[in-house]
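Structures given as structure tokens follow.
In the two complexes below, chain A is the common chain; its partner is chain B in one and chain C in the other.
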Partner chain A sequence: MKRYELLVVGAGPAGLSAAIEAARLGMKVAVFDENSRPGGQLFKQIHKFFGSKEHKAKIRGYRIGAELLSEAERLGVEVHLNAVVTGIFEFMEINVMENGELCHYKGNAVLVAAGARENMIPFEGWTLPGVIGAGAAQTMMNLHGVRPGQRVLMVGSGNVGLVVSYQLLQAGIQVAAIIDAAPQVGGYGVHASKVARTGVPFLLSHTIIKAEGTERVTGAVIAKVDEKFRPIAGTEQHFDVDTICMAVGLSPMSQLLAMAGCRMEERRGTVPVLNEYGETSVAGIFAAGDVAGIEEASSAMLTGRIAGTAIARKLGYLDEETFSGEYQALKEALSRLHEGMFSPENRGRRDLTETDEGIPLSQSLLKNGYIEKEELTRFPGVVKQKGIHPVIECTQNIPCNPCQDACKFGCIAVGSRITKLPEVAKDSRCTGCGMCVASCSGQAIFLVNEDYDETGASVTLPYEFFPYPKAGERGLALGRDGRPVCEAEVISVKSSPVMDQTALLTIRVPKEMAMTARFYRAKEG
Partner chain B sequence: MSIYLDRSRSIGEFVPEPDDGLIICRCEEITKGEIRQAVHEGMWTMTEVKRFLRAGMGLCQGQTCGRIVKGIIAKELGLEAAELPGNVDRAPARPIELTILGNEGEQ
Partner chain C sequence: MEMEMRINEHPILGVIEKGRLVHFTLDGADMEGYEGEPIAAALRAAGVMTHRHTVKRGEPRGIFCAIGRCTDCVMVVNGKPNVRTCVTPLEEGMKVQTQYGKTAKEQTK
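Up next is the complex of A and B:
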């Protein structure tokens, strides 16, 4: 039996973060993961993260994963891959299936950061090949470089459904529609908007009825639902798709904690009852990340760090005073992520009608996935002025502020509360550098110049699709709803390492389209 | 007494539904109708249904169907899914080959 001071189950954002904290303070740590690659979901998250600097905002998930991993290795954390933890037993003993053997490890503390699994909903044909989890689609594309299909129906409009839809589009796969049984888009409006402007329709209050096909999926049938989520006869619609992606929520993989005798409760899945430091009812067994309640990777890293620090204190590696300082800082960082419209306590709420600032929310954004032009002017990021200036179409209180740091000229202000809507200064000294456009994780910032030339305006938009259009090329400008609105000429495509693969695509459109054109599509053929 | 244990309560007759043929537990190929029928035969908990039908005892160990089975049983009993206790979790948490189970690491 091998002994360690801390045994961590799961090498995702929570597990690695905890291991790093503990190892940094001098503890001997081993991390076990059943997958062949470490990082949990981080390595397939190719989008830029939200939050602020302390939450690693505007850094893409896979880069954060690489950072965590190299830090863990530098600190001497042993990471065991293809190592399946099959049980937690008395006195901090765990059994691990690795290299064809059943190995026993004993720790002074155990942290379970096993993450979550994808939920499924049953419907006619749901067992056909081609019905897959959205997370599975993401794994296929972003880890293995395999397209899950040619044309996909996405079921679920939460952040997972929205982000994966966008990544499917980036991989060159068509997304026929995003449907959700709920009457409102579940995820961030900015994620919905970046998908909607490419032309993907959103069908809210719709559910999947049937996957068609005999050997594999060849189509999908959806129908409208009433307020009790029952399908309404006669509203069926057919889609020609070869893949149906299910993004209908996650459930914590908390079995190890339950079998270890930890007190559990039902809170959107079975989760352990934890104290403020992440310790379960069994002294010495801790939990962090999604296994303790579904959130996202940024919170998982923080709950992991809190648990790692608390374990170090418990085992005498950190004095009380230093601990309470570090704990306070981490807790505050976590609470900054837990504010705003999408905070854990607001989850599932459909009755919010205005922002924290008292501005009515865009109803179109909630129902269609995009903001109507008429709704825009009431938001503080949208200011009309002469010459080039940013237009920030960020209209919901989400925890994010990289735009504020991106502008060296002080044109953009979010303030200390990171869920506040960004404000564009009335007389901004915008130079058109575009750093705000590239830094916005929600791709919601555009540079608009209504005085580009005699008859035309320029619109600079964030662009993350290969191949990049070429300067001089002519194509179509699309509106926020993804419909072509006018001809557009590509003025320039700029990309630099600091923009981290968000290119700045500048197009010229007729003046009156400056506040309408929000995406570009090359002409067919 | 927890409501799910009050076996004297009437839950009505089994009424066939059009989607009773839907496979719910993919590993063991158990249908929705079989699960609903089992409830009417007196299996009122996840544990009972599991032992009666093997739903959730296959390769994935109920990772996919557990939540769905729970929802079906609860609905049949007129309860919220959260009111019903889940499966009892035991080691091994993942399927394990007997050759490995018998191959204790030397360390």
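Up next is the complex of A and C:
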């Protein structure tokens, strides 16, 4: 039996972050993960993260995964892969299935950061090959480089459904539609908008009825639902798809904690009762990340760090005073993520009608996935100016502020509360550098110049699809709803390492289309 | 027409690194894939959707979770049934068979 001071179950964002904190303070740490690769879901997350600098905002998930991993290695954390923890026993002993053998390890503390599993809803044909989890789609395309299908129906409009839909498009796969039984888009409006503007329809208050096919999925049937989520006869719609992707929520994988005798409660799944430091009712057993309640990777890293620091204090590696300083800082960083309309307390709320600033929310965004042009002008990121300037179509209170740091000329202000809507200064000294466009994790910033030439305006938009259009090429400008609105000429496509794979595509459109054109599509053929 | 299922160049990830090209068989037929990728990835890239048929009703099953959790994608690999193909790395010369119930069908090679 091998001994360590801290045993961590799960090498995802929470587990690795905890291990790093503990190892940094001198503890001997081992991390166990059932997968063949560490990082949990981070290596599948290819979008830029939200939050602020302290939350690793605007860095793509897979890069954060690589950072955490190299930091853990540098600090001497032992990461055991293909290692399934099968039980936590008395006196901090765990059993691990490794290389076909059952191994014992003993620690002075155990942290469970086992993450979550995907939920599923059964329907006719749901077991057919071609019905997959959204996580499966991410794994196939982003880890293994294989497209899960050619044409996909996405079920679920939470952040997972929205982000994976966008990733499907980036992988060259068609998304036929995003449906959700709820009457409103569940995830961030900015995630919805970047999908909607490519032409993907959103069908809210719709559920999946049937996967068609005998050997594999050949189509899908959906129907409208009433206010009690019952399908309404006669509203059925068919889609030609070969893949149905399910993104209908996650559940904590907390079985190990329940087995270990930790007190559990029902809070959107079975979760352990924790104190403020992440310790369960069993002294010495801690939990962090999604296993303790579904959130996202940014808060998982913070709850992991809190637990790691608290474990170090408990085992005498950190004095009370230093601990309380570090704990305060981490707790404040976490609370900054927990503000706004998508905070844990506000989850699933559909009665919010205005932003924290008192501005009425875009109803079109909630129902269709995009903002109507007429709704835009009431938001502080949208101002009319002479010459080039940013137009920030960020209309919900989400915790994010890289745009403020991106502008060296002080044109953009979010303030210290990172859920506030960004404001564009009235007389901004915008040089058109485009750093704000590339830094916006929600891809909600555009540069607009209504005085580009006599008759035309230029619009610069974030672009993350291959192949890149070429300067001089003529194509179609699409509106926020993804419908063609006018002809467009490509002025330039810029990319640089600092923009991290977000290219800046500048198109020229007729002047009157400056506030309408928001995406570009090459002409077919 | 089946589109190329492999992503050759990705706008964010660039060129996705692969192991060397290896050969394996599916129910006796020659197949190709990349060493170290999950068997399921190589099969999906080749357009194979059905990994097994259920014990009682003979219903087809394929990839569902792709992370080794649901066991829908199990097949007979090198004579061993119930191998989770989504988390089992592909090797040169592997003998992969569609699973019927708990075994490979008699008539397949």
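A few notes on this one:
In the analysis below, the second predicted complex is superposed on the first by the 525 of 525 C-alpha atoms of A that agree within 3 Å, B and C clash if a C-alpha of one lies under 4 Å from a C-alpha of the other, contacts with A are read in each partner's own complex, and residues count from 1 in each chain.
What we mean here is this: a residue touches a chain if its C-beta (ideal position, glycine included) is under 8 Å from a C-beta of that chain, and two chains touch if they have at least 3 such contacts.
Computed from a predicted model, the values in this text were never measured in an experiment.
In the superposed pair of complexes, A:Met97 makes contact with chain B only, with no contact to chain C. When the two structures are aligned on the shared chain, A:Gly284 is found in touch with neither chain B nor chain C.
In the superposition on chain A, no contact is made by A:Pro231 with either chain B or chain C. Contact with both chain B and chain C is seen for A:Glu34 once the two complexes are overlaid on the shared chain. Of the two partner chains placed by superposition, chain B and chain C are both touched by A:Arg117.
Of the two partner chains placed by superposition, only chain C is touched by A:Phe465; chain B is not.
Contacts of A:Gly172 after superposition: chain C is touched, whereas chain B is not reached.
Touch criterion met: A:Thr127 reaches chain B and chain C at once.
The intersection of chain A residues touching chain B with those touching chain C, taken from the two complexes, comprises 34, 117, 127.
Chain B contributes residues 19, 22-24, 26, 32, 63-65, 67-68, 82, 86, 88-94, 96, 99-107 to its touches with chain A in the complex. Considering their complex, residues 2-3, 5-7, 9-13, 16, 18, 37-38, 41, 44-45, 49-51, 59-69, 72, 86-87, 89 of chain C touch chain A.
Chain contact summary for the complex, chain A toward chain C: residues 34-36, 46, 60, 62, 117-118, 127-133, 135-137, 139-142, 144-148, 150, 170-172, 215-216, 464-466, 501.
Those residues of chain A that touch chain B in the complex are listed here as 1-2, 34, 84-89, 95, 97, 100-104, 117, 119-124, 126-127, 251, 253, 255-256, 258-259, 266, 269-270.
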